[in-house]
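The same chain A turns up in both complexes below, where it pairs with chain B and then with chain C.
Take a look at the complex of A and B:
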C-alpha cells in the first residue's frame, strides 16, 4: 500500500503546474511564515515589546511629571536600590512566598487525596463528587470572592452563625478580616477551593492510566493500602504531581483579583502581596519606574522558585518539538 | 464497611465544595428581609426573583455586561483565528524557526503576564486607548493566544496527516483537504479551546481594573468587586449579580464537561 503511494508520489505533483515551476517553491517556503504572521505579530507587539519595556522602564525615573513631559530619565539601578532597601518590601516578599507555599501545598495535597478517593468509591458517589468539584471550578473568580465575603460576613455570615450554633459563642460577631494573617487565610481557602478541582481531575486521569493488574498483583502479594500507594500509585503519578505543583506555584504567586477585591491588601497593608505592591506603586501612586522594578524582581523570585522544573521542562520540550 | 465510610467521606467533601455555589444561589433567591437575619437559615423558607430584578436594573449593569461580552468574545475569536493559522504549519509543515517559535509560545504561556502591567498601561495610554474596549480586547487576545496555539497544535497533531494525504491522492487540493477533512475533525477542539479562553478573559480583573478607570465603563468583574458601592449590605442583590455573572461560564463548562481535563492538560505541559 505505502509502496504504491511512494511510487506515484514523484510523478503526481509535477505535471499539473509547468508554468508555476519557478514561483511554487517560493510559495511553498513562504506559506508557513504567512500563516504564522498574525500570531507572531500579536505576540511580538503585545507581549515581546512590553516585556522589553518593563526592563527598560525599571532603569528609568518615571513618575507622573516625566510621563506628562515625555522625558526619558535614566537612573541606573536607583529604582532597584529603593525597592530592595525598603524593609516593607522584604516582609511583603516573604508573605507572598509563604502565602503561595500554603496555597500550593493545600491545593496539591487536597487534590491528590480527592483523586485517590475517587478511585476507591462507587460510580454514583463519584459522579456526585465530580459535579460538586466542577461547580467550584466553574464559578467565576469574582463571583466566588463575593460569595466568600458573604459566608465570612461578621454579622450575618453563615460561618459565624454555624460556629455559634455548634457552641463556639466567641465567634458571634467575629471579624475574619481584622488582621492581615486572618484575611490571607480566607483568601487562601478561596484560592484552594477553586484550584483543587483541576488538580484532582488531572491526577485522577493519571490514576486511571495505571494498569489494574498492578493493583491486583500488589493485592495478591498482600500489600497494605499504604504499601500499594507507595509502590504502585505514587511512581506512576509522581510526574503529574510535580507538574501540578509547578503550575500551582505559577498561578498562585501572581494572584491579584482575590486579594484586591477582598480588602485591597488591607487591613493596614496586612494582606498586601507582590502583585498588589506593583499595583500600589505603579497605578495608584504613579511611580511607574519603581513599579516596573517590582515587576522584574517579582518575576525573578518566581523564576528562582521554579528554576529546577523550568530547566527540566525546556529540555524535554526542546527534544520533543 | 470501609467502602461505606469512604463514600461518606466523599459526600462530605462534595458538600464542602458545592456549598459556596449552593449558598450563592440560595441567598440570591431569598426575600431581602430574610437575608440579613439572625435566624439560622441553611435551607431557604421562601423564594423570590426580586434580587435578580434589583441586580439587573442597577445603573450601568447592561453596559457592563455588554462590555464584558464584547471584549471576551472578540478576544476569543481573534485568538482562535490566529491560533489555528499558526497551529497548522507548526504541526504539519517543516520550516526554519519552527522549534524556536514553539519554545517562545511555551515560555509566553507560562510567563506571569501580570508583570507586564506597567508597560501595557503606558502603551495603551500612548495609543489613547485607555477607557476603551479595544485596549482590553487586545490584551486578552494576546494573553490567550499562546494557550490557544499550543492546545490547537496538540489537537492537530492528534489528527493523522495520512487522512489529508489520502484526500489529496483522491484529487483534493491541500486547502480542500484541510477544509474538508481536518477542520471538521477539529470542531470539538475549537470548542473546548475557546471555552478556556473565554473563561480566562471573562474572569480577568487586573487589566480591566487598570485600563477602565471610568466608573461608567467597567467590565462585570470590576463592577462586582465594588459590589459594596452598588449594593451596600444587600447581599441578596450581590449574590444575584454573582449568579448572573456565573451563568455563561457554568453553561460552557456543561458543554465541554467531557473534555475538561483533556483540554487543559493538552494545553499544559505533559509530565
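Take a look at the complex of A and C:
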C-alpha cells in the first residue's frame, strides 16, 4: 500500500506545461499517463473497489444467513433509517466527535510543545528525548494498551498506589473506568501518548527549516519568547500544524483497538464510539449491512469536519501545479 | 485459509476416501484422536481421516466461510453458544433421527439444548465444563472449616476464613470479579429464575423478576462479606483470576478446573493445597445449577460424506472414547459415566455440578451478547457499585437484552 502511494507522489508533477504538450507526438504525450496507470489501477483495485463495496452493502440486508447463502437483498435506505433513528447513535456520534477533538488537541499541542522544546535544548538532552519518543512510538498498540490498563488498575495499578503515597488517600481503590467519561479520558491519554512522537518529529522537522538568523534578528529587535513564536516560528510551521491536525483527526476519529481493548466500550456503553458501534453491529451481531451504513455515515461526518482543510488542500494543489 | 483447506479436500476427494474432521485446539487429546482415527480407518478400508486442529480465535468467520463453501469439512466442532446460529441458517445436517445411534439417552441436557433448533437436533454433545468453587484446602483445614453445602454455610465459611486470616490485610477469603456473569447465572437459576424465555422463535428477557433481584443481592453479599478487592467493573479475566489466586492471598475463586493449573504457573505448590466443591445452592444439600460451557459436534449440510461422518460421530460418542475425554478432565457429552473425571478433586466437583448443568438461551443471536457488550455484565457493575438499584439495573439490562435478542 505504502509503496503504491509513494510511487504516485514523484510522478505527480511530471505532466509538462500544456504549451509543451501540443508540440509532442502522441506516444510521448501518453507516456506519463501510462507510467501512472499501474499505480492508479492498483489504487482503484485496492481502495476504490472495497469502498464501493461498502457503499453497496450499506443498501443491502446482509446478515449471516444472506452471507452464507450468497443472497443479494436490496433494501434501499432501510439500514440508514435504522441507524439514524436510533437516539443512541446520535449520542455516540457526539461523543466520538468530542473524543476526537480532545485527542487531536492534546496530540497537536503536546507535539508542538515538544518540537519547540527540541529546537531549544542542548544536543545531548535532545537525543535522549528523541530516543524516548521513538521508543514510545515503537510500542505496539495493544502492548501499550495493556500497560495503560495496568497503570490505571483499580487495585494493583501504579497510579493509584503513587497517588496514595503522595497523600491522596481517596485514590486507594479508585476505579478509573467507572464512568464513560473517565474511561474515555484514560483512552484519550493513551492515544495522545502514542500519537505525540510522530507529530513532534514532523513539527520539529518543520522548525529545522526556519533559519537561525531569523531568531537572531528577532532577538536583536527585543522580541519576547511569545512574540518570537508568533512572528517567526508559527508562520513557518503553520501549514505543517494544519496538516498534522488533519491527519490526527482522520486517525483519532476511527480508533478502535484501544477503545475496545480497554473496556469494550463500557461501562454500560459509556465509552462506545462510532468504530465500536460499527464492530458491534457488524462483527458481533452479523448485521453487515447496518455496519456498512454506519461506516458510510462516519465517512460523511468526517468529510463535514474536514471540509475546510480539504478545500484548502485542493486550492493549494491547483496553485502549485 | 478455510478456502485453501476445503479446496485441498476437494482435490483428493475423488477417491471418495477422505473424511475431513475439524476439532478445536485443546478439545480431544491426541491419544484419543490417534486411537479413534486408527479404529475408524480399520473399519472403513480405503477411507482416510484428514484431521485438522482449528484455533478458537476467528473460528466463527472461518466456519462461516467453510460452511458456505462447496467443499465443507465433514465433521466440525462448534462452541455450544455458536451452535444455534449455524443451526438456524440450515447449514448443518439434521441429526434428529440418528440420536439413538449416537448415545442419545446419555446426552448432557445443557449441550443438547444448544444443538437443537425448532425441535430438530443439529448438534451432538461433545464435552462440557462448568465452574465450581476452587478453594485452599490447607487454609480451610487450619481454620477448621468444612466444605459448605449451602449458601448460608458458604457465607459462614467466608466469614470464618476472613477472621482466621485477619492479620494479613491483603488476604481475600473469596476473589470475585464484579462481572463474573457465569456465576450470576448460577445464582439466578438457583433462585428459580432465568435470563430469558422462549416463545416460538422469540426470546424475551426475564431479568425484571424477584428471582434475578435475589440473585443480584446474593452476589452483592458475597462481594461485601468477603471484602474482595477484585474490580467491580471487569470480568474474571481482567486481571486473570487464576493468576491472582496463584499469588496465595486468596481463599476461593469460582472457576474452571484448569484454572488451578494456570495458578500453578505462579506457584507450583498451590495445586496440591487446593481442592474444589460445587457451587452451593440456597437449598441445603443440593448444588446450584451451573452454566455448562462446551462443544457440540455437527455435520455440515454440504458434506459429501454424511454417512461416513455419522459413523465417525458414532465412534466419538461411544462410551470408550467418552471415558477418555472424561480422563482428560472434561465432562463427557454423551456418557453419564464420569468415573474417570472424578479421580481428581477438581474433576469430581465439576462432575457433581454438571448434573445440574444449564445453557444460555438457545437463540441464534446469543453470540451478539457474548461478543459485544454483555448487558448482564453492565447490570452487575451498575448494581454492585451502587450506580443503579436492582429495579433500574435489571430494567435497563432487560431492555438491552431484548434489543440484542429481538
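FYI, the second predicted complex is superposed on the first by the 266 of 321 C-alpha atoms of A that agree within 3 Å, B and C clash if a C-alpha of one lies under 4 Å from a C-alpha of the other, contacts with A are read in each partner's own complex, and residues count from 1 in each chain.
Rule of thumb we're sticking to: contacts are C-beta pairs under 8 Å (C-beta built on N, C-alpha and C of every residue); 3 or more make two chains touch, one makes a residue touch a chain.
As the structure is a computational prediction, the values presented were derived from the model and not from experiment.
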| item | value |
| --- | --- |
| Chain A as common anchor, with chain B and chain C clashing or fitting | clash |
| Which superposed partner A:178 touches (first chain B, second chain C, both, neither) | second |
| First (chain B), second (chain C), both or neither touched by A:268 | second |
| Winner by number of chain A residues touched, once chain B and chain C are compared | B |
| First (chain B), second (chain C), both or neither touched by A:165 | first |
| Which superposed partner A:217 touches (first chain B, second chain C, both, neither) | neither |
| Contacts of A:283 with chain B and chain C, given as first, second, both or neither | both |
| First (chain B), second (chain C), both or neither touched by A:231 | neither |
| Which of chain B and chain C A:51 touches, first, second, both or neither | first |
| Which superposed partner A:153 touches (first chain B, second chain C, both, neither) | both |
| Partner chain(s) touched by A:64 [first = chain B, second = chain C, both, neither] | second |
| Shared chain A contacts, counted only where both chain B and chain C touch the same residue | 67, 153, 155-156, 279, 283 |
| Chain B residues within the chain A interface of the complex | 3, 6-7, 9-11, 13-15, 17-18, 20-21, 23-24, 27, 35-38, 40, 42, 81-83, 85-86, 88-90, 93, 95, 98-99, 101-106, 108, 110-123, 138-139, 141-143, 145-146, 149, 165, 169, 199, 202-203, 205-206, 209-210, 220-221, 224-225, 227, 235, 238-239, 241-243, 245-246, 249-250, 252-253, 257, 260-262, 264-265, 268-271 |
| Residues of chain A touching chain B in the complex | 5, 8, 12, 29, 31-33, 35-36, 38-40, 42-43, 45-47, 49-51, 53-54, 57, 67, 114, 117-118, 120-122, 125-126, 128-129, 131-148, 150-151, 153, 155-156, 158, 161-162, 165, 193, 196-198, 201-202, 204-205, 239-240, 242-243, 247, 250, 253-254, 256-257, 260-261, 275, 278-279, 282-283, 288, 291-292, 295-296, 298-299, 302, 310, 313-314, 317-318, 321 |
| Contact footprint of chain A on chain C as seen in their complex | 64, 67-68, 85, 88-89, 91, 229-234, 238-239, 365, 367-368, 371-373, 377-378, 381-382, 385, 387, 396, 404 |
| Residues on chain A engaged by chain C in the complex (per definition of touch) | 64-65, 67-70, 149, 153-156, 173, 175, 177-178, 263-269, 272, 279-280, 283-286 |
